[in-house]
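Handing you a structure now.
By letter and in written order, the chains are A, B, C, D, E and F; residue numbering begins at 1 in each of them.
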Amino acid sequence: MTDWLLIAPVLLPVLAAGLSQAVWRSAAAQRLLGTGTLTAVLAVSAVLLVLADRRGPLVLSVGGWPAPAGISLVADRLSTLLLVVALAVSLAVLVFAIGQGTAEGDLPRTPFHPAYLLLVAGVALAFLTGDLFNLFVAFELMLASSYVLINLGAGEGRIRAGMTYTITSLLSSLLFLTAIGLIYAATGTVNLADLGDRVPALPEGIRSVLSLLLLIVFGIKAAVVPLHFWLPDSYPTAPAPITAVLAALLTKVGLYAMVRTQTLLFPRSETWTPLLVAAALTLLVGIVGAVAQQDVNRLLSFVLVSHIGFMLFGLSLYTVGGLTGTVLYAVHHIAAQAALFLIAGLVVGWSGTAKLSRLARTAPAPGLLAGLFALAALSLAGIPPLSGFVAKLALLQAGVEQGGAAVLALLAAALLTSLLTLYVMARVWRAAFAAGGERPPAARGRMRGLRLMLGATAGAVLIGVAVAAGAGPLARLGERAAVDLLERSTYQEAVLGDPDRRGG
Amino acid sequence: MNGLVQTALEAATAVLLLCGAVFCLLGGVGLVRFPDTVTRLQAAAKAQNLGLLLILIGAALRVPLPYAGLLLLIAVFQLITVPVLGQIVGRIAYRTGAVERHTLTVDELAERLAPPDAPDAGEGGGGRGRGT
Amino acid sequence: MSPADEQAHGTAGTPGARGGPPRRTSRQWPLALWLWVLWIVLWGSVSPVVLVGGAVVALLVVVLFPLPSIARRARLHPLWLLMLPAHLLVGLVGSAVAVALEAVRRGPRVRAAVLEVPLRSESDLMIAATANMASLTPGTLVLEIDRDRRRLYVHALPARDAREVDRRRGEVATAERWVVRTIGPAEMRKDPNRRERGYGGEGERR
Amino acid sequence: MSVVATVALALLGVTAVLVVHRLVRGPHALDRIVAVEILVTTVVAGAAVAVAVWDYTSAVLVLLVLALLGFIGSVTAARLAEEREDMR
Amino acid sequence: MRALDLTTALVVGGLFAVGFHLLLQRSLMRLLFGFLVLGHSTNLLVLMAAGPPGDPPITGEGHAPETFADPLPQAMALTAIVITFGVTVLLLALVYRSWRIQGHDEVRDDVEDRRVGEEVLES
Amino acid sequence: MLVLIAAHAAVAAVLPALAPRAGRAVWWVAALVPLATLVWAAALAPSVLDGDTPVEHFGWAPSLDLEVFLRLDALSLLMTGVISGVGAAVLVYGARYTSEGHGRESALLLAFAGVMLGLVTADNLLVLYVFWELTTVVSFLLIAGRGRTREHREAAQQALVVTTGGGLAMLLGFVMLGEAAGTYRISELVADPPDGGYVPAALVLVLVGVFTKSAQFPLHGWLPAAMVAPTTVSAYLHAAAMVKAGVYLTARLAPGFADTEPWRPLVLTVGLLSLVVGAWRALWESDLKRVLAYGTISELGLLIALFGYGTRNSALAGEVMLLAHATFKASLFLITGLVEHHTGTREIGRLSGLGRRRPVLLTLAALAAASMAGLPPLAGYLGHEAYLDTFWNAARHGPGAGEEWVLAALVAGSALTATYAVRYLWGAFAGRPGTEPTPQEDPGDRALGMAVPIAALVAATLGLGMWYSGTEALTEPYAALLPSPQEPYHLALWHGLSPALLLSAAALAAGLLLYRLRPALSAVRDRSPRAPDAQGSYRQAVRGLDGAAAWLTRRTQVGSLPVYLTVLLATVLLVPGAALLLRDVPLPAPPLWNSAVQVPLAAVVLITALALAAARHRLAAALLAGAVGYGVAGLFLVQGAPDLALTQFLIETLTLVVIVLVLRGLPAELGVRTGSRRVRRLRLAVATAAGALVAVLALAVSTVRREPAVSEFYTDHVEEAGAHNVVNAIIVDFRALDTLGEIAVLLVTAIGVGALIGVLGGRAATIRARPPAADRYEPTARWALPHEQWLPEARELPAHDRSLLLEILTRLLFPSVLVLSLYLLYSGHLRPGGGFAGGLVAGQAFTLRYLVGGRADSAFAVPLDPRLVAGGGLALAAAAGLAPLAFGGEPLGGALVSVTLPVLGHLEATTTLVFDTGVYLLVTGVCLKLLSAVGPAQETPEEAAGKSGGTPDTPATATGSRA
């Protein structure tokens, strides 16, 4: 039995975080603990992905207590796929951070590594847990770590931004807990598979209220319009690696939770219009916001918001095709968005400003960086043959297959968003990599660990390239994951066992 | 015999509980009615403390022995912690002017603290002058 | 029963590593004993596991969290200690009733006084115990302790006239008497007017 | 016994409301500190009644902890009121 | 059969309202208190919506398991209390840092947001 | 084909690396690849023209229909010839023309050739789209060059955005077509075209892509703007290759869809409009390249109309025109480059007398221009004849779908084409009376190297015309795929005195006449209403977009947290709230209370909470918040949750302590409430409504449960877990993973507090020395100093903070509290308590020490850093979770260990105690960490002095220090 492997992605980072905190005096030991743990966990997750795809969902009853009373960790195709990509990106970001000296130097030495490890543990737990309350704990772990990371060494401007982030997240956490309280009161269980049996039996009104409440809760974390305002005001201010990891992972965890709960607890048979509307709003408001920005990081943040709309779109269709698209898009987006924030960090480090107008007056950033940016930006804009195109194509096909005026209108919005993404990316490209003057003297100092940072960035970009290159197997995997999501019984049987034995 | 003891204990408990509650209530009344912080502290904290003590003893009479021990332990801790807080709060209250001076019939501390040239600031704190 | 009986004897020593005197854990057995008793009371059981575990826990706490030694050791007088609760309860009830009546009848127009009460006691512990006792009773509350000159400044209630003021002063004196009876040194217990013997070159300070 | 408990708890309930009155009104920070302290004592008293009448023995430990540690918050707050004139 | 009582509903709703209202203020300290209150309200909700009062879920103290209060919401609320505490303290530290660095402890508006569209791109 | 495409990519990839050493030679290397392609195409030509269609396949993402099918049919062969032929010529030309950046430029051009090769051989709509967009990207890079000038950057961006936009529309169209047909194979689609449904819409979308790519009116603006690119690029992309992609796609789809509405009217309208308007605009440009660019727009319009019309004859004409255009337009661009190379300018007004001095160049230019104007015996002539004949017959015998108008437009277009051809030739080479001959630079041998490829292209345009049978052999197989309503037309230089010849001649004559009348016409042009300027409208659109974006974003992203939170709550209120109202949730009448004790507690909680909401004073608010918490703890107790109440009490006390400690460094007032009265009311309303919503929901859900809760399991199995306390068993055993996460949260928040406060305050900060109260009663400040040292650290505190009673009390309580905390830890599985409660109690023991001594960690026998305690605690808990794996157990599982010892008898313990001990340590460590962080959290005197101006609420403090 290999089920125990499931605990590793959660427990190892927690253990390492504890040790990392205990050995706070040694930066080298902290770095080793961080990279070593993430590498090991990444390897374990890859194994889990292969196993989950071959054998169906792996389930670990933590502590040996059977579901629904005990907490189950469930590794199915969706969760392991996202886990692998998330871990790969977080490893790259960690290397970047070490290179940048975020891990030590200008920031206080102790906090970064343990907080980062706990963030990863939270993300891993969020993907793997099969229990609603445990999901809350995972979110809290992830968020608490992110509060610490986003506020590390915060000065004048960032403290305000950190506050916006922290308080909005806190409110969403409280709403989440409220929802859990209501759900437990109504059903008497918090095990997701068990809830999959019990929630559909609830009166329709209560069911829709609970569904919408969870949607809002996760919508805040995923930055769905109109719950997104906090994101562009907060993420851009943090140091690049922190922004990158938060932007890439946290919104995706929110989205994952949305997909997981909506498909498992609130099965539907037709396109869900409220979500469709939210998707359209998110796409357009986000990208229009990006067009209005003058700051590279804020621009990227709005793009991030906008592209959440693509993933919502797939979910709102409630078809295999749509969910396949969502899965592919999430995988692609984790890599692309992280890479872009890292590149932005390097560009800002190179030229000493994040303002487009000022960037345009400073010397073009180096060609290697331009190439990396091109790959990531074009991928995000969905230009073939990069990963974004593959994901977008899956969504387009699902949308066209579904048909209907509303869906087609949304498709148009999605394509417009793609175009405007390209437009804003070209604008960044113009300012950062084409236009130029002198490098400002202030920024001319040697950038420490530049090689590590570039390597890490290239790694993040390559993850995206790998997604495109492996689009064939990945798309099939995504499709299988989508089938599992809609089937529900695969997941439920893996957790709870034979349906005959668990009764109505 | 055993039943009689039982009944007596029950009765004692009942009386103690009720008395305790009444003292608590009276403390509450004092807390609302008294004019300044220290008098309120005097009234409320002490009456409350007593009330709690009575209730604890009352409870101790009814519960199994290990718990009775714990209840008495609580009473002991209550007895040694409450006065300390009272003294700290009282000291600060006096220092921060939370004592209504005009309600005092005597204030020997003020006399002691008065500047040396003041008429009734006796050396060695022996002054007995009356305040207003 | 009261933890007040656990003071170790020893002498004030040279400053230790953190500016305090050396921690002689070997002299802290009364504390360890108290902690052991506390453990047993908490568990409410005298099974071997509890007894052994309690000893381990008590020793552990004493060794891991050492406290400086105290020069003077309290002498406990069990008989008076046993009588103390009864006295306390009676005194408490009486004065509590008085204060409560004051609260109900006069409320905002209550008259109080701040009194100076000289003490016979000399040691920290005795003064503290007296202040504690005095503050326990409704009607008197210690505001300031002039440690050097051994005086308590007591807020007294009700104190409408000289008679009541004297009664309150008497209450504090009674409190001290009870403290002396329970934990005081022999010479004080015998002579109600005798002051506690000074020691350690600590004179009066202003 | 149940009647006794009801009466006692009712009295304590009234006490709690009176205490809250002082807590809300102040005016001195120390008044509020005292009120919080007494509120805790009232809750403890109520719980002790429940221990006595309904064998709520599990609450005893709660009471013990409160009796030992309840004053820490009040002491800290009082210190602040002493330090900071504007905090009173 | 196990309906929530009106008193508790009132407390829960009232605490939520107070918490939300405090959360909508600019003063960071009010926000913090709002968060504290909301923490209480959610914990109460988790605990109380799950079922009526019962005996403490501890065996061997003479209470029948049938009379036990539901232990799971208790455990969940316990976890939530501790988490809320941690986050509250963190928030408090943020408030403090905000005060120390900025000289005020309010959430001011984002300056960048107001600058949107002011500057024309000229690359 | 795959190999060839890969070869393009591979060689392109190594060129930049080769360039620093090889210099110009990289262009020759690059040219070899398209030459090889040309040879390959020539070798395959006989069989392909016979109807053979080699297909290659490469799976990419088959489940998304992303399968690379490459197929070489006659049309593809034709296009391959054009791409590789012109490509080779341009690359050879580039070797001499380009002065720097050989690696980048040659690589991009070669890559472009490869992409085009893929585009014309792709037999899958999606793969075609992939190549389509790749041409956009490569052309962006080529146009932008190194982006030195703003003009370059803007032109590149415009080309990118416009053509990508069209491409995206096309992609949607492709997907619609593909989904409608069930296949994305182009050959299958064309053979068995779907109809109905979304097909017309799909075709429109596809054509939008076509029109943008081929710069058709009114989406043409990007092409003239792109003329900032080097001539090599213009010649290849904007004459021969990329813009032909749209034409190619029209030709590719016409056999299947020409008859589907609205294909034909759309294609004809747009194509012919572009033909005429483009040619007309070419008349007025003064830059030679821009003349050619508008000419290209015009010619492409013609090609699209011809292919789009979709008959055998029109397609044949289209093919011939395509070949002709590729050769003459590429040569003209290259000639322009040479002109510029010679003179340094492309402005017609500044060029004079070049023809006399460069007769060879003049000859080549004249031949190319003649082909463009449709003079025999050049390729252009063949094409002109073919289309004029086709539409003459169509207008006379055709279905009457407006072919007359088509014919008229074609003739007008021909005339205008002749005019701008003359204008180009005269403008570039003629001497201007009264104008000095333009000075020439570098007459050297570089010019010869550039002339050779031009000559080759001109020879091609001549050869295609002269050897018309060969041209027909090349073009006939594709044309044959289309219906032929009229007699099949055959290419020839002489058909007799046909109507087409007359029309052709008339058009030519008209063209020459127009050129003569040009000065007069310019007056007409100036007075006539201006056609919408594509470039201007693009800029306007961009400005409008930016403006609208800024407007919208300023109004939504207002930067105010209260606004954001209000929106958030309003969403909660409206969305689930609406569902609650609409779905008619049953609300049974609730009892007033479940236990009467709840009522006073509820009153306490509610009143204090409301007072808290109204509080203006920080300390008051902190105390009120504490009271709310204690009240809530009371409610927990009533509910039957002593564990919860215990923890709540402890946490509440700790929270109060921490808040109060931090408050020392904060102003006393909470600050004024902001916002207008209306805003405040709105906030109040939203908050109240949200609170009410939650209450109603709680009431509603509490009656709907039908199945027993899972918690029965815990009660049934609590003994198995070696516990009596079910809650504790859940915490450390049944759901230990929750607990692990939760203590990790606690650790990370403590880390954060340390980082947020510690960095500012630091351990070196001093405690505020002389508080106002001590100032006022100075003599009493030292009164309460004990004579003995009750605690090791007490003397470090300022005298006025010391208290005899508190020190003695702390000495008495501290060890006892620690014992209590250990008791709670180890009895937790039996009674209320556990690691948390124990840790919190221990933490408060240290708080007590902190209050008395100003330090918490001095209680330890050995110096112990809180970080070590907390981190070690977490590591211990995690390790305890992993440990069972070593013994074949489940992670985070508990095992009942029982031993029988001589004195102690039978002992039972669960391994979860280790886990709980980790929790205990962590919580203790976190408390220590918090104390060490917030304890000294106050301003040092220097800081206070430095800030005093900005913080009037902070009382002035005097210096004081701790020993």
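Here is the rule we go by: a contact is a pair of C-beta atoms (placed from the backbone, for glycine too) under 8 Å apart; a residue touches a chain by one contact, two chains touch by 3 or more.
All of these numbers come straight from a predicted model, not from anything done at the bench.
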Quiz item: Counting one step for each move to a touching chain, how far apart are chain C and chain D?
Solution: 2
Quiz prompt | Pair with more cross-chain C-beta pairs in contact, given E-F and B-F | solution = E-F
Practice problem: Could you work out which chain's C-alpha centre is the most distant one from the centre of chain F? | Solution: C
Quiz item: Cα centroid separation between chain B and chain C, in whole Å?
Solution: 16
Exercise. Indicate the whole-number Å distance between the mean C-alpha point of chain A and the mean C-alpha point of chain E.
Key: 25
Quiz item: Using mean CA coordinates as chain centres, what's the chain B-chain E distance in Å?
Solution: 36
Quiz item: When the C-alpha atoms of chain C and chain F are each averaged to a single point, how far apart are the two points in Å?
Solution: 73
Quiz item: Where in chain A do residues touch two or more other chains at once?
Solution: 133, 137, 140, 144, 147-148, 151, 154, 163-164, 167, 171, 178, 181-182, 184-185, 188, 190, 233, 292-293, 427, 430, 434-435
Exercise. Pull out every residue in chain B that's touching 2 or more other chains.
Key: 27, 29, 41, 49, 67, 70, 73, 77, 80-84, 87-88, 91-96, 112
Exercise. Going through chain D residue by residue, note those that touch at least 2 other chains and give them in order.
Key: 9, 12, 14, 16, 33, 35, 55-59, 61, 64, 68, 70, 75, 79, 81-82, 85, 88
Quiz item: What are the touching chain pairs in this one?
Solution: A-E, A-F, B-C, B-D, B-F, C-F, D-E, D-F, E-F
Self-check item: chain B residues within the chain C interface of the complex
Solution: 23, 26-27, 29-30, 33-35, 38-39, 41-43, 46-47, 49-50, 53, 65-67, 69-70, 73, 76, 79-80, 82-84, 86-87, 90-91, 93-94, 99, 103-110, 112, 124-125
Quiz item: Which residues, counting only chain A, touch chain E once they are in their complex?
Solution: 133, 136-137, 140, 144, 147-148, 151, 154-157, 159-164, 166-167, 170-171, 173-174, 177-178, 180-182, 184-185, 188, 190, 233, 236, 292-295, 298, 355-357, 359-360, 427, 430-431, 434-435
Quiz item: Which chain E residues qualify as touching chain F in the complex?
Solution: 1-27, 29-30, 33, 36-37, 40-41, 43-45, 47-61, 65, 68-72, 74-79, 81-83, 85-90, 92-97, 99-101, 103-107, 109-114, 116-117, 121, 123
Quiz prompt | In the complex with chain C, residue positions of chain F that touch it | solution = 780, 783-793, 795-796, 804-805, 808, 811-816, 818-820, 822-823, 826-827, 858-861, 903-905, 907, 963
Quiz item: Which bits of chain C are touching chain F when the two form their complex?
Solution: 3-4, 6, 12, 16, 18-21, 23, 31, 34-35, 38-39, 42-43, 47-49, 52-53, 57-58, 61-68, 70-72, 123-125, 127-128, 131-132, 144-148, 200, 202
